[in-house]
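Written out below as structure tokens is the structure these notes cover.
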């Protein structure tokens, strides 16, 4: 299947597959599958490992710039060696395990977390021919693989034998369960419209352009735009990023479930957070932003994996930007936001998408009606629910300010 | 031994372990988990028959398991709510002491 | 009888047995999660991908969380997590019952003459599964939805704390 | 509407991000070891001894070893030993000078009391802050040579105060010369006459004359 499509592509497009085939081609036939999988695993580990390293640096530099300071710039040229210095520091630090801790679980938690957060990358289509595992149920697999992170967070919090860690673990459980629902529900419309759970087919369904310049990405439909925003909000919460970083709220819980971790185990938690962020962003790109598709037909000569990387980086920068801007939510606000705002909106969005796919045949003036109804179904609930959500809390009058 | 027999034996063993947990442990949560294990053993059987036994419609076994998983989830939710209610009344989870319904 | 199946069987049964013996409630719950994961692995091995991921999603993602919440909500101190070892008499009877059940089933399994197994797994696509669910099994699906809603509401009603004035009456 | 505040906030941070690359008013960080901060004139830290002539710092110390600062110093970090001989000071008058003047900077709390009490404007506050050493004991005990800095340095760090001090000293010197001249005149005119009333001189001027 791949070979037939490959011949029509440009050299750059075929480059990763060709590189893999030259390596595996030297091996005996029976080993090729194994070697190919190993190469894919190594590529994902190396690629996202490097991305993780430089994402930490980018985050620190961008946060610095936003706060009027340069960020790390001492280690190497523009601080480019900083991630490696951090790595060396984490590796050489003492690994402290509290006396009352459950040693096995304390050790297992970061390992499980990193292992699980890496699983999701297997089904992300990084390029036209670049998907590690072609699964019929890829989307389901992705979210099933992500669920065990909650377990790992709980293990970390409980095994530390520390009240702050335990509190954070409980918070993390409550938060992750609450936001799993909108996360999954915001994906369902895409599955419904694309008619498949396979990530490659979802990307393929977003190929092509209408009017010659508007790509058929889901984000350019009313339900898709709403779904994308809802997905990203839920993804922020799922990856414990600010403003939903309650489990590791420094000001209240020291470092939450990370309190009793030091050295390399702490670095592993950090790594898992960034891997989770990357995986969810990659999923958002795949589901809503057309995956590896180019925005314009004239730009298709740029290889597909470059487009995927570019979109991924834009979303990751969005994560950092939001972190630099928004203050942390309170726990009750967090829960209220999930259950009274996100979940109803995602359910309505599902109905919206169903209506959209039912009216796919409408043309001419009926198309205008279709767009108007879909837009209203997004905007009206948002305004109404938003009003009830912020009732009594905004605009606020400060007594002592 | 055919694969089907192996699967059925595995499921029987899992069922027995679940039964032992449900009968021997006195903690209400553990009893519930034992029952959950027994449900899993039954699901294992469905899949085993679906895969290694010809005859049924192609998707029946899978759909049966899907329904069973959903029902198990509902059962567990209600069961754990009961456990919490029990805890509120008698301040522990020992099932031997939960005898108020005896009259 | 493949090597994979044997490993899965060891994981499933081993973690379940360990859960039966551990005194620590959290350890029991986590070991049972491993067992459930093993069952999901079995589904994968048998070729039922969709069920395997559904199993992980429901059991590891949701059920284990509910169990852990229940464990943490129903304890007063860390020491109480160590539930007492089963009484010997009950344990013996339980083991006898377990062995008897598996003995009866095992005997039945070996006594029955099974048809030869089909070589390939039945072809089930996600799309086909969805169509079947919404077609032939639509009524069951609706009933399931009703059941889940009822269970959710029931769980909330059961677990929600009594209102103070009600407590005074009783 | 819900979300408008979030968008506003995002706009603010984005503006700051872009502004930090071209707007010096937004990007205020100094990269310290390379770029030294411009200290405000009032900044002060650790005392130093003022000398009038940079080419002969120890010979032109204003300090006359009166030991007031040593007595007043709250943490008792100043140690002074008077000299046995006298040296001419800046005005040519023979004065005692400190044979040993040491400040333990590990004890000094930069309270400026020594500066306040000094009648000769001989000790002033410095602006140094890079005072870290690798030796806890000897390197932190500064002796006379290390403490002495010329008046021109004082002008560079505290120009306003230094100008005031110089003007005052010049006035004092002038007054002293005037007084000496008047006294010499009176002595020459009427040796038998009682002491002529002295010209009103500043109180600061009287103290050193009454001290010895």
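Every chain is named by a letter (A, B, C and D) in the order it is written, and numbering of its residues begins at 1.
Please note the rule applied: a contact is a pair of C-beta atoms (placed from the backbone, for glycine too) under 8 Å apart; a residue touches a chain by one contact, two chains touch by 3 or more.
In this text, all values refer to a predicted model and were calculated from it rather than measured experimentally.
Busiest chain-chain interface by contact pairs, anyone?
So the pair of chains linked by the most contacts is B-C.
Quick check: how many Å separate the C-alpha centres of chain A and chain B?
So the centroids are 34 Å from each other.
Just curious, how far off is chain C from chain A if you go by their C-alpha centres, in Å?
Each chain reduced to its C-alpha mean, chain A and chain C end up 29 Å apart.
Give, as an integer number of Å, the spacing between the C-alpha centres of chain D and chain B.
Chain B and chain D have C-alpha centres separated by 86 Å.
Starting from the mean Cα coordinates of chain A and chain D, work out the distance between those two points in Å.
Between these chains, centre-to-centre, one finds 62 Å.
Can you pull out the residues of chain C that are in contact with at least two other chains?
Residues 50, 54, 62, 69 of chain C each touch two or more of the other chains.
Which residues of chain D are in contact with two or more other chains?
Touching at least two other chains: none.
Find every residue in chain A that makes contact with two or more other chains and list them.
none
Which chains touch, pair by pair?
Going through each pair of chains, those in contact are A-C, A-D, B-C.
Which of the residues in chain A end up touching chain D in this complex?
It comes out as residues 62, 65-70, 73, 321-322, 324-326, 382-383, 385-387, 389-390, 394.
For a test of understanding, state which residues of chain D touch chain A in their complex under the given definition.
Checking each residue of chain D against chain A gives 1-3, 5-6, 9-10, 12-14, 16-17, 20-21, 26-29, 31.
Which of the residues in chain A end up touching chain C in this complex?
105, 135-137, 140-141, 143-145, 147-148, 150-151, 154-155, 158, 161, 166, 170, 173, 176-177, 180, 195-197
Which positions of chain C touch chain B when the two form their complex?
Touch residues, chain C against chain B: 1-2, 5, 9, 12-13, 16-17, 19-20, 25, 28-29, 32, 35-36, 39, 42-43, 46-48, 50-51, 54-55, 58-59, 62-63, 66-67, 69-71, 73-74, 76, 80, 83-84, 86-87, 90-91, 93-95, 97-99, 101-102, 105-106, 109-110, 114-118, 121-124, 128-129, 132-133, 137, 140, 144, 147-148, 150-152, 154-159, 161-162.
In the complex of these two chains, what residues of chain C are touching chain A?
Listed in rising order, the residues of chain C that touch chain A are 26, 30, 33, 49-50, 53-54, 56-57, 60-62, 64-65, 68-69, 72, 78, 125-127.
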